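First chain written, first letter: the chains are A, B, C, D and E, and each begins at residue 1.
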Amino acid sequence: MSETLQRRLEILAYATFIAVILILPAFADIFWLNRFAKYLVYGMLGIAIAMSWGYSGILNLGQGLFFGAGAYMLAMSLKLASPTSLAQGSDTPVPDFMLWNAEPGAPTDLCCITGGSWLWMPFQWVGFGAFMGIALPVLLAFTIGTVIFRQRISGVFVAIITLATVLLVRLLVIDLQPITNGFNGLTDLAWLTIGGFEFDPYLLATYYLIAGILIAVLIGARLLVATRAGLVLQAIRDDSNRARYLGFDVPKYQTFFFAVSAGIAGLAGMLYVIVAEFASPTFMDLTFSITMVVWAAVGGRNSLLGACIGAILINTIEASISETEMFVEAWKAIIGLIFVLVVLFLPRGLAGFAQDASAWVVGRLNRGEGSPASAVGQTRNQAAE
Amino acid sequence: MANKSALTIDALEVDFSGFKAVDGVSMVVEDGELRVLLGANGAGKTTLMDLISGKTKSTGGRVFVGDTEITNAEEHRIARAGIGRKFQIPSVFRELTVRQNLEVSSIKRPGVLANLGLRFSSSQRERVESILDEMGLVDVANETAGALSHGQTQWLELGMLLIQEPQILLLDEPTAGMTQAETLKTSQIINRLKGRHTLVVVEHDMAFVRQIAERITVMHLGKVLAEGRIEDIETNEAVREAYLGSGGIH
Amino acid sequence: MLALRDVDSFYGSSHVLHQVGLEAKSGEILAVLGRNGVGKTTLLKTIMGLTSSHTGAIEVDGASISEMQTHQRARSGIAYVPQGREIIPDFTIRQNILMGCFARKDGKRAVPELAMELFPYLADNLNRPGGVLSGGQQQQLAIARALAADPRVLLLDEPTEGIQPNIVEEIEAIIVRLNKEVGLTVVLVEQNVGFARQAAQGFVLIEKGRVAEAGPTAELTDDLVQKHMAV
Amino acid sequence: ADEIEVGVLFSQTGGLSIIEKSLSDATLMAIDEINSAGGVLGKQIKPLVEDGASDPKTFNEKASKLIIRDRVPTVFGCYTSASRKAVLPVFEKRRNLLFYPTYYEGFECSKNVVYTGAVPNQQLSNFIPWIINTLGKKKFFIVGSNYIYPREMAKVSKILIEQNGGEWIADEYLELGHSEWGAMVNKIKSSGCDVVLSNVVGDSVVAFYREYKNQGISQADLPICATVTSEVEIAAMGAEYAAGSYTSFPYFQAIDTPANHAFVERYRKFVNDPKAVTHHAMASSYFQVFLWKQAVEKAGEATPEAIVANVGGQSFDAPDGKVTVEAANLHTAMTPRIAQWKADGQGEIVEAYDHPVFPLPYVAYGETQDNLFCTAQGLDTSKLNQ
Amino acid sequence: MVDILFIGLSLGSILLLIALGLSITYGAMGVINMAHGELVMIGAYTAVLAGIYLGANIFVAMPLAFVATALLGWLIEAVVVRRLYGRLLDTLLATWGVAILIQQAVRLELGLTFFGIQIPGLGPGLQNVSVPEILSGTVAIFGEEVNAYRTFIIFVTIVLTVLTWWILYRTPIGTQVRAIIRNPQMAAACGIDVKRVNAMTFAYGSGLAGVAGVMMSGFKTVFPDMGTPMVVDGFLVVVVGGVGSLLGTVAAAGLLGEINGVFASVTNDILARAVVFATVILILILKPAGLFSFKGR
């Protein structure tokens, strides 16, 4: 397939996707809009995974750490903005759970009600929470990335380190109950308010807030990987040593894109808090992090759009099947089966399938040179695969 | 250190748990010189290149590019100091297309932020196209490099090196797996580079060596066995014995 | 001994060999020549069953092997020295050589005498890991491994690539010897036309995945070489 | 319509489905029984079953589906506090109603939740004095899973232990779902305690009791007194491991009343499993549907506001005995009991209050029946920082 | 002190028992088998069912479980894994799907619940296996009363480890296994029946998981989700040890087990878990390819 045609088809795919999510409200009730808003957030996670896994070759099994970090940062601010926080007899907001966890006689003030509660103080300003929702994941990723990429850790070892990290952080968040509310997470949050406008999760405006940010992230990420740096990144994924001998400081590239991916995941975490109104340490469960990876794989890990659509699609399918009375118990088995089938028969995910299909159609159209060989009657040699 | 020398190697050695694959090698390559490195299989030629390019860390001795010491520096620093390398087992970005391989190699400012732009300059593009043409890779420019044959991969790697334009090129068996005609073409390319670039070439193909050689260094068992012009080497009995066999350099 | 008829071969959907036919008679050396990328390696891989798929007939001693899996082809007496050498880096030299023995019919597992005689470096370093060897040493190891299979047909992909000149001479001599003394049938992919002319009885020139010319070595004229191997 | 739709939201899949399935079944059984008896307000109840998949995110999503799309007036559901916290914003901001059947840590006071499980004072207020006075054990080793409920139970226990002249010598936690007890049991052995107070939940319980026996500790010398170990865990671990230990709950399968025997029978038939066990949260899942029905009938309509306004004061003769939703705080008054586990896997009730105990969700902060923090209007915050 | 070290040793042996099968399917075959935990679970259920239907104890259940899970592993290999060799991360995803399927199969009693048929022993509930009399209670070792069942686990682990080591490093089949992971094409060209060896290896690794499951059933609850956390622990061990190194797996299991045991004893279990994770991270940062790894050129 010629390159320009390929590019045009890709632009068409992006445009179609964007158009669909923008006109969706015309066809969906407010419940589905809220639900899709959540799935768009998952789609953003798909983008983050495709960027780190597909483009950088870094399989992060701890993406939940960044999602969780983003979620908690904004949730802390929204918790302090919640009217119930103020209604506890103190002049300054104090999260209700800190009262339960406080030592008897402790001052009812954010500075010192429990050990470490002062960490919450800057979050009284929602802007700080929103800023930290991206800054903290980026900082974490930057730190982790700098260490592991300088040490030239790659492949499954990165996966295990990120996995151990997310498990470690999750353990600490649960254990630091006095300042995190432990296992129960943060609920009873205020709605995000910008310029006096409250983003009730069941408003059209909230859907468009999420959709708009997703579109911006999608386009931004797509442009980023199309840069020269993005090309270098793919070269590094391919053969990091070769890239070194060309003079590229490999860890810098890896860390940069790892951090960008983390920032996107953090942003997704924040948006999730806006639409779901809670933050929970289960965001840092291993299963969630693996599930995200599966979404991206189904959609196509080498395609930002594919991974994004994969996440949205799987969640939509999951919801539909699990809400079909017949399948209430069996839906998970069906999902499991879908994963297996996709990996076996669509090895590059839906995006890869779409590319192959369009290549085939185009090949049909300008028949003649380079028509794909027919597979009829060929001996298959297993060992060669 | 003499100012004119491009590459200075001073008593370099590496010890692999007791086995010294390179054992006190000293060598000065002048600016613009082409140096051929000969030696038996296992003499330490590739290892010497590994040491220069930072792939292997030395356990003794020093390496300079011009006046800059690069001993055991990180690979990308050595590369930025002006050393480019072609590997014995050709090493390219197998999942990128041939053109993308060349594009990546054409990037001059290696930082992340410097490369956040979308486009390559038109001079870079032209350079890529002309290298594609020169290496005979135009037909496969949009193929992924992993699908190339061995020889095509050799050409591609050579092309990447040319477009990278390092001051010093280390070429490890650049003609392995090429036909005589192809070898001839390679030697022409290399001869064109002489003077502008400093080259260190490892080869076993004596016909090729004859086409390009100025000075030759012969290694044996990790040490320098002989150094000199082609005629000196050809007639050196020790070299004949250890390496050349009946044919000589023909 | 080894015959191919109308063989087409594929990597995934890319079609590399077209209607290839050739024959190596028993005890003969057949040289396969051609430019880079024409499909020489692919031809050997196809014989071994290592491309994704192929059509057409491949026979050894009149028996079809084209339906066989790779290991069965190996066990039917074909040994392969690949272009990349494909040494297992963390196996010792001995273990690498013994790998070849899995294709033996008699089940014997021993380092072949002949290989030890041919390659003294290997004989002296049987317990070093294969991965640390130099390129040329690995080439020797790959040949030794093939010999360990006690094959009838030997597929050699540019066996002298990267070998020091005096050993090249030796390897060339060895190939001739194996052919003469042991009666091995050899399919030899070579760039060195001189050696091909000297050692082989027959030749095949490949061009873009098709057999362009074939015949006894005597017919391998400079014109043909010029036509099919020049850049 | 001639149907009233209600939500049933428990985990049908995932790690927690083991327990939550039984809560879901009990709920469906109650609905079934009500429907057979003519329904409510002459209408049949139609349960909409959704799967929380043991994941708070899914609980949140499904709650929103039931409330916003299906517009049910009530959801029966949630087992863990974490899942309840995840659905709470939907119920509160959309003014809907959750019936929550699980024992929990307290300090929650929502106008949108009716709590029918025990709160700490209903499990501990007679348990601790009984351990000290009747069992004669004074040195407590407190152990729990590391999350809110066990920590809160420990807090309340410590107050009670001190009030009753005992002492606690350790308060240790293990990760939720962890099942490696070697070190902890070894610690217990060498701590010099004479009783273990366990707030361990889930499958960790099984590994705990097994390790306990396998390290050679006898329940007679050093009994485990538990707040969460129910018939489910006992059946799962093998009764011999728990024999001799104690649990405090308002409901046990062993309650020897005709009503309870009939309940157990009906349940076994309903789930088609002659060995199925009944337990506290599951019994609450059952009776809370009846409390709900009474409230609907009293209100004459099935809207969340009407139900909540009328559920306070409703009593029901549950398998547990009489249970009453307290109008003051929408928690349920129940009768605490203590059972000793026997080799057949059933508890023998060794102690029981003779009357239902008033639920005090803020008992750890000094709440008493005369000084309620949680009121029908919500939390009275002025009480909190005194 | 002996008691603390014993706890660590026992933790290590349990880790090793889980990791052993993984160290083969992952280390020697390059398959990230996320369904490994489910194979452990199936092993445990074999013990449950053997108890219910055959009245058999865990000694009998061990070989049964080995066979059952080896067969299941063989099936997984033939249907799914076989198509994915060389695609490491795809094996992770596909076997993740397989894991979900196996879990649901047990939970839904192989789908028979839909027809109202119940199989006692399966289903979503919690199951248990009782430990034979001679393994319950304590035994005296070095003058210290230790848990007899844990001692038995340590013993079984040692036997299985030695057996596995012997197969991998002292038999031709072991050489074939190790050759295939390094270079399947060349292995085939050397006459190795890659398909058959892979199937056998995967079945063996799965069988080990089954035995591990029987051992787990003696001190844990048996339920459909029991395997999920195990696969994580198993991978931590295998990777920290160095992929493909059996010795590394043994060392990592021992090290992490003792760290866990000692920290849990002198501080608390939560901190011990945290320290274990931190150790994993630290080891991999300091030794980026795990404790034991081959260094090529």
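As a working rule, a residue touches a chain if its C-beta (ideal position, glycine included) is under 8 Å from a C-beta of that chain, and two chains touch if they have at least 3 such contacts.
All of these numbers come straight from a predicted model, not from anything done at the bench.
Minimum number of contact steps separating subunit B from subunit D: 2. Ranked by separation of Cα centres from subunit B, the top chain is D.
Of all the chains, the one whose CA centre sits at the greatest distance from that of subunit C is D.
Note: centroid distance subunit D to subunit E, computed from Cα atoms, is 36 Å.
Taking the mean of the C-alpha atoms as each chain's centre, subunit B and subunit E sit 48 Å apart.
Centre-to-centre, using mean CA coordinates, subunit C is 75 Å away from subunit D. In subunit B, no position touches at least two other chains. Of all residues in subunit E, those touching 2 or more other chains are 104, 107, 185, 188, 194-195, 228, 270, 273, 297, listed in ascending order. Residue positions 171, 175, 287, 329, 332, 382-385 of subunit A are each in touch with at least two other chains. The touching residues of subunit E, counted against subunit C in their complex, run 172, 175-176, 178-179, 182-183, 185-195, 294, 296-297. Residues of subunit A that touch subunit B in their complex: 3, 223-224, 226-229, 231-232, 234-235, 237-239, 241-250, 252-253, 256. In the complex of the two chains, the subunit B residues touching subunit C come out as 16, 39-43, 46, 88-89, 136, 140, 147-152, 154-155, 173, 176-182, 184-185, 204, 206, 243-247.
Taken in their complex, subunit D has these residues touching subunit E: 13-15, 17-18, 21, 146, 172-175, 177-180, 182-184, 186-187, 203, 206-207, 210-211, 213-216, 232-233, 235-238, 240, 272-273, 275. Residues 32, 34, 80, 82-90, 93-94, 96-101, 103-105, 107-108, 111, 113-114, 184-185, 188, 194-195, 228, 232, 235-236, 239-240, 243, 270, 273-274, 277-278, 280-281, 284-286, 288-290 of subunit E are the ones that touch subunit A when the two sit in their complex.
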